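To keep things simple, chains are lettered A, B, C and D as they appear, and every chain counts its residues starting from 1.
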Amino acid sequence: MSVFILLNCKTYDEGTGANAVKLAEACRDVAESAGVEIAIAPQIPDIFRVASVTDVPVYSQHIDGAGPGSHTGKVYVKSIQEAGAVGSLINHSERRLTLAEIESAAEALKKNGMKSVICTNNIATTAAAAAIGPEYVAIEPPELIGSGIPVSKADPGVVTGSVEAVKKINPNVKVLCGAGISKGEDLKAALELGSVGVLLASGIVKAEDPKAALYDLVSLI
Amino acid sequence: MSVFILLNCKTYDEGTGANAVKLAEACRDVAESAGVEIAIAPQIPDIFRVASVTDVPVYSQHIDGAGPGSHTGKVYVKSIQEAGAVGSLINHSERRLTLAEIESAAEALKKNGMKSVICTNNIATTAAAAAIGPEYVAIEPPELIGSGIPVSKADPGVVTGSVEAVKKINPNVKVLCGAGISKGEDLKAALELGSVGVLLASGIVKAEDPKAALYDLVSLI
Amino acid sequence: MSVFILLNCKTYDEGTGANAVKLAEACRDVAESAGVEIAIAPQIPDIFRVASVTDVPVYSQHIDGAGPGSHTGKVYVKSIQEAGAVGSLINHSERRLTLAEIESAAEALKKNGMKSVICTNNIATTAAAAAIGPEYVAIEPPELIGSGIPVSKADPGVVTGSVEAVKKINPNVKVLCGAGISKGEDLKAALELGSVGVLLASGIVKAEDPKAALYDLVSLI
Amino acid sequence: MSVFILLNCKTYDEGTGANAVKLAEACRDVAESAGVEIAIAPQIPDIFRVASVTDVPVYSQHIDGAGPGSHTGKVYVKSIQEAGAVGSLINHSERRLTLAEIESAAEALKKNGMKSVICTNNIATTAAAAAIGPEYVAIEPPELIGSGIPVSKADPGVVTGSVEAVKKINPNVKVLCGAGISKGEDLKAALELGSVGVLLASGIVKAEDPKAALYDLVSLI
């Protein structure tokens, strides 16, 4: 089983513009050295720039299911694809979508050969997301996001419960574990609980030395 | 199997205030006469009034998952329950919710012994809704709502596909069929496609004689 | 100048259903005794019930600008009016609306001879709301709502600045002062800053003795 | 008075990615030749790319007021600025915002030396937007957007009424006229009604020859 790490730059200044490019370069170096897949989700205006200078897989932080047409300000699948993205987060807790929007966004990505990561907040919503059939579901209890307390320690049951629910509904869907993840032991624990990887942000993006933090993250696998 | 009919008053003038009470009385008369369950979903300010004068089951048109507290303007489960509602629509196409809100609304209803009807727009979202475990999922292709063209005729596959998907995910969940339903033949077709009943609105509420329209609706079962 | 007090029940259990009726009775008693206008904004399912048993002015906590039609779950002006409301809060910080929705809601109320109270968060949004021409604008810095720290003490400048801005844009609009208000000295300070009254909630609704708290509120005017 | 034309690419395929770059080049050529200011609002993932290859002023189609931090998927002012944008549309009818969001977005742009164009739907919302103090307000009756019927012809009163309302509230704010604009006579009429320019989209973006359409647009001024 291959491990998958997805680094979310959010709107941190440390992950904006030229800083996003630097983070992507750190992802590339650590991924090559450790033999794991590390992808980055920069802000949407930074997708083109990041994708132009590295071959790190680039995800959008958000996508609307909207097609071509009169959808000013919406994030259109072909626009992020042409800018260089290979997939997108959908329904992050900081950018929630309706159920219909989640489904149309996942469908738009699938039709264009791209990967979707649907974010969820508990076991029941993870089960619902799995029924839609994305590449990944990322379970992130909102109260732990940015807390520094890893979900794998604070609430391991929500991870194992999510993994079980997904297996029952759609075994092709893989589970990522998010919220409070930053260290090697967190990733190790996440994998032991049945997830295939992690979605993380501040622990790396705002670290004094992001590349060192990434090396620590992958040190126990 | 018992048939379930849910009449949505929307914000039609013909279903507002005193008119909602009259519609509820028509529902009661036809339900008793035909031996089927007919429930009504009046506007939220009308729940108390409708529930006070008939014993027709009253559903809210919307509920927020929000608990007690600082949630001005939100629809709180205990408020609609104390007003006399026995359940609620969730995520109607005219009042979409995020996935997390759908789940918390369904959970709030369940904890209070009330019934939930999650509205969906296609087979994939129906499957997702079923994973949450409501009493009912109501499949309503948005393009047919209010069209006068019954979904059972225009797109029978979305109904049978929804019934199959729900059976696989959670066989306790029952499927309602909505959009364009108004006549006896529409209800009959809906039941033949595997649903247990219908969610309908303008075909009855805006009929010249709503009680006659309800009698026609149940005439073939 | 007549003082106006508007009591928001939010979704507090202490302000739900039968408790809302009791709060309305307390408002009536204190209003009569003190000779000030005290109105109540119960939850939407409670409007009919509260308006049926007292003649305290009843406001909705929220209204959608939507007209009659296919607007399931929306709060329609005629529905709250027929239930007994005389006005509505618009755009409370816990139920924000788009600018177009705020304007259409205020317009719908005005056309039906009802009063609107547009809630705002700072001087610039207060000026914008005044340009729409409601009966009242209620300035409530969100960080002070429910804090117990009265805006009149924590940030008097936002109140006087709002009063000035409104006077310049549309002198017919009256300013209410909200957030952290609960005591007689808070109301007195609010009036001294140029507002005509207060919008308040937890300080009264969750008080051990709401009627006594209301008597204290009006004790210094 | 200098004329300002802002071309919105929406999510049209003809305005996505490499096509947005081509449109920007057409804007540049026509602007230079006609001596008017023509700016472009490509999709957000295309801002960097468009701004890198031309010196046409680039606007974002949307911005969130959100600052740096935990705001996944939001459009952060520093991100679009570093990507090369000089301003942003705010509250387009296809991407409506709450009043508080409109104000914080306009404030964020102003603080960073960027220009804001707040879109509105009628005279009252135009007045409200002017009170916030953006560079431009763009009045676009939603029913005319994409209709091919220019607002200047269908409803000239909404333009002149907007211009008057803005003059009274904040004379520093300039009015753009949108919805249905595509030809030279439309721009001429818009200027005669008191606006300083136009916001337009499909009439140019989906034209067989966008550069020729732009030449026609500026031919009568």
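In the analysis below, a residue touches a chain if its C-beta (ideal position, glycine included) is under 8 Å from a C-beta of that chain, and two chains touch if they have at least 3 such contacts.
Source: prediction; values computed, not measured.
Touching subunit A and subunit D at once is no chain at all. Matching A-D against the pairs in B-C, A-B or C-D identifies B-C as its interface repeat (over half of contact pairs the same by residue number). With centres defined as mean CA coordinates, subunit B is found 36 Å away from subunit A.
Centre-to-centre separation of subunit B and subunit C, using mean CA positions: 33 Å. Subunit D has its Cα centroid 42 Å from the Cα centroid of subunit B.
In subunit C, the positions touching at least two other chains are 93.
Contacts between chains close into a ring here, every chain touching precisely two others.
Listed in rising order, the residues of subunit A touching subunit D in the complex are 8, 10-13, 16-18, 41, 43-49, 60-62, 66-76, 78-80, 82-83, 85, 89, 92-95, 145-146, 201-202.
Residues of subunit C touching subunit D in their complex: 91, 93, 96-103, 107, 120-122, 124-125, 127-133, 165, 169.
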